[in-house]
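When the chains are written out, they are named A, B and C in that same order, and each has its own residue count from 1.
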């Protein structure tokens, strides 16, 4: 007994201390919760994008989103007049297509899709691939402790040039993002909720359930993206081939 | 007093050289004024026809209230709904003064060839109206050499479901759409985009996609077929302009609304009356603008005002110089013939008889000179018109052939004005001399 | 003693001058006609010169076109069809810098990237054309007068967050509100004070097709609004800092260099030198004076139209002047036949008589033109100071009605009209000089 406490103490001392994750690791974790799951046969979910301007609902569009690696396909299911329209993501190249059109149209991930949401917002995020991240201290968002990162685009054709990103310390998911202009001034702010979950290799991970985006200069102009039924689902690679859209 | 006319005519032959010199000055001056007048007349009519017919402004344009200023900012709010269009078109159909009308729409977006997307600015017209305007007698009269299309056929030659489009030359080149719809077989397939070689691939069909924001806010796209090429005349806009049918652009913007309705009148002289009538029928929720209001046609109004000022100033200067020449000549004539005047006075001729004689001489000389000047002017105009001189005034697509058109009324008016000036100058010269007594005049000492 | 002039001719010149001086009243109407014609032509040319000076200031300085544009060969005609095919790479830019380096004639130079795309306020899209430019050098090109180049908001160099300078028509189309009235200083430049500018939202989204054919977009704030002089441009043109433009287009290329020289008279020599040196070094570059470049096509087109008027005017005035002088000289000669006879009997030759009257005609024209110069100067001064303006069709704001002193025109018109009057007199005096002396002495007019 006399030895128990010193041995216990020594064991405690010997316990390896867990180092803080690197910014790249944090981005990879937060990407997983926002649709960029690696080592899966594919992912699907439903997104509803509702835009409000000056307090009045302007539009509501529902998408079925399918993801495989760096590719994604977001197809409109509602409203009826837009049914069948889609946005195809091939890595960082985006195409817009709708039934009856003879060819797809090359568009930018930065262009406005609905309200405050850009084209690049509706599919999975690949911030780990697209941004260099620097630690910028710690902060608290809605009562949760978070790491603060400054993200700078690696390539010129990603959705945003710079992002200020808050990632939860407890479960390494993104809590908040400020999207910055070329001059470094916030023009859009997003907050995230994670009521969904997804199982990867037997382990359950949180998955985004809501992204609320508002104009940094006018909070009455906002768009919310609601994510429903995320699940692993196998997708053929041909689904994401732009030429298959025209057949 | 027939004998005075005969006398006046005979007196003209007494100093041929001087009369020739004076008459030449008058003739050339008048010819110059005619050339200026002919240039201005044609230029103004060319601009009028270009504004009213070629660029589809119409004689009157109906907007919703504040639509002219605000459509570009909020198209859905400041456009004409289907019900409003029906109301307006109903009134126009019932108006016997109306020749034709057209619903119009415009907007911007991206045009793609399957690989590359470029910005565009599009105007939507009704194809049949577009064709009728190009074939309008006024266009044939004032713009006989104007080529609307650089290549291809007009929108009216194709069925609506084709999505016929006219591209500006620069845009077609940038997109690689160098071959037109008619150059492909009837059922040629649309080629899949090979974005490694976008321009070569783009030339394999005449298909493009127009992408824009629908007025409801979502993205929207339509197919188009390039059927013709045109030029805007301004290099900066020649790489982005598109013309299509109203229906195609309405489909693109997902709307049944239009920006405005243009109206052409059978008789443009009834412009203000027609405008007032239509405005009264439509009420306060609409605006009816005249084509020649500065805010609607600033280029036309500014250019015409400028031309008018230039022509008036030039005409005034030339007239003044002519008048001084006539005064000079008349003064010399009267001085030389002082003794003759004295003799007439001593024989019992009154001052007014002497005045009448000289004025009739001047009238005959001026009339013949102006007649010669008129002939000279007409010959010069014909020669210039036949020379096919192309010049490039600012803002005119493709340049303009220098064609002069002489309006008979204005020519006669200018001639009459110069004639009156010449007579006044003569009267002035003679009256000064007639103050002398016959004895002084006969003495010949007053040269 | 004037070399080449013998005493006989000098005597004739003195006689001719005296005759004109003594008989000026008889020739008054002729002199007035010539003065009027001279004044008309000179005022017209003065107007054209003022127009050219106005265009030069507004294109070269305010519009930052510079005196000379250096760009890739063929860019002038084709760059808007193929922005990147005719642009200058980093290597080309280094070559241009090497060409300009150390050239004492250069006041400033600026890199310039042409842009086209769509701008959106969130509700509506609008096409834009414009440029990305180096604002620091842009201020040097604009000069002190036009450094402040906005009618509302702030110029880029004064903006804490430099973004876009838009044409007033484009800004209104996108929902910005500001007082469109342009407040100018006496010399036409803008009043250097920030005037209220309100735009919906702080940023506008610009969508473009990059060098690599990708569609890219960026959100940028509006710094200010300006008047781009031409109505056609005010609805479409915007300007932004070059670094934003290059970032937006994902490129390090530019479209052209614009060069401001210390003295515009150096333009032809400078252009020649640049072309020669570029050719020497096998560089595919072209140097073009601003007035020859398509960017100034509106100005050039306007001047071409005026030249047509000018040619017509000058021709008619020349004919009228010739006829007026001919008339006047014919009368004068007719009255002085006896005088001619007297001269001949003294030993003056026929050609001396012709020379005498020709010189009188020359002096008549010459002094009339001197009077014309006085009239022109007075009218030009008075009208220019009345503060009148006129709309010239394509311009967005009225132009001041000014007349510059077109000294070259004065000299050439004086020489031309004097020559015409000399020749007219020569023609009419030939017959009188042929008369037999005895007949001339007996002649009664």
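Criterion: a contact is a pair of C-beta atoms (placed from the backbone, for glycine too) under 8 Å apart; a residue touches a chain by one contact, two chains touch by 3 or more.
Since we're looking at a predicted model, the values are computed, not measured.
S.K.: What chain lies farthest away from subunit B once each centre is taken as the mean of the Cα atoms?
M.R.: The most remote chain is A.
S.K.: Which pair wins on C-beta contacts, B-C or A-B?
M.R.: If we tally the contacting C-beta pairs, B-C comes out ahead.
S.K.: Which integer distance in Å separates the CA centroid of subunit A from that of subunit B?
M.R.: A distance of 60 Å separates the two centres.
S.K.: Quick check: how many Å separate the C-alpha centres of subunit B and subunit C?
M.R.: 26
S.K.: Would you mind listing the residues of subunit B that make contact with two or more other chains?
M.R.: 110, 115-117, 213, 217 - these are the residues of subunit B that touch more than one other chain.
S.K.: Multi-chain contacts in subunit C: which residues touch at least two other chains?
M.R.: 120, 207, 213, 215
S.K.: Give the residues of subunit A that touch two or more other chains, as numbers and ranges in rising order.
M.R.: Within subunit A, the residues that touch at least two other chains are 106-107, 112.
S.K.: Considering the complex alone, what residue numbers of subunit A touch subunit B?
M.R.: Within the complex, subunit A contacts subunit B at residues 51, 58-59, 61, 81-82, 85, 96-98, 100-107, 112-115, 242-243, 246.
S.K.: Could you please specify the touching residues of subunit C with respect to subunit A in the complex?
M.R.: Residues of subunit C touching subunit A: 120, 122, 161-163, 201-203, 205, 207, 210, 213-221, 244, 247-248, 250.
S.K.: Given the complex with subunit C, which residues does subunit A contribute to the contact?
M.R.: These residues of subunit A touch subunit C: 93-94, 106-108, 110-112, 118, 156-157, 161, 181-183, 185, 187, 215-218, 221.
S.K.: Which of the residues in subunit C come into contact with subunit B in the complex?
M.R.: On the subunit C side, the touching residues are 26, 29-30, 32-33, 36-37, 40, 80-82, 116-118, 120-121, 123-129, 172-175, 207-209, 213, 215, 231-233, 236, 294, 297-302, 304-305, 308-309, 312-313, 315-317, 319-320, 323-324, 326-328, 330-331, 334-335, 390-395, 428, 445.
S.K.: Looking at the complex, which residues from subunit B come into contact with subunit A?
M.R.: Within the complex, subunit B contacts subunit A at residues 110, 112-117, 190, 192-193, 207, 209, 211, 213, 216-223, 254.
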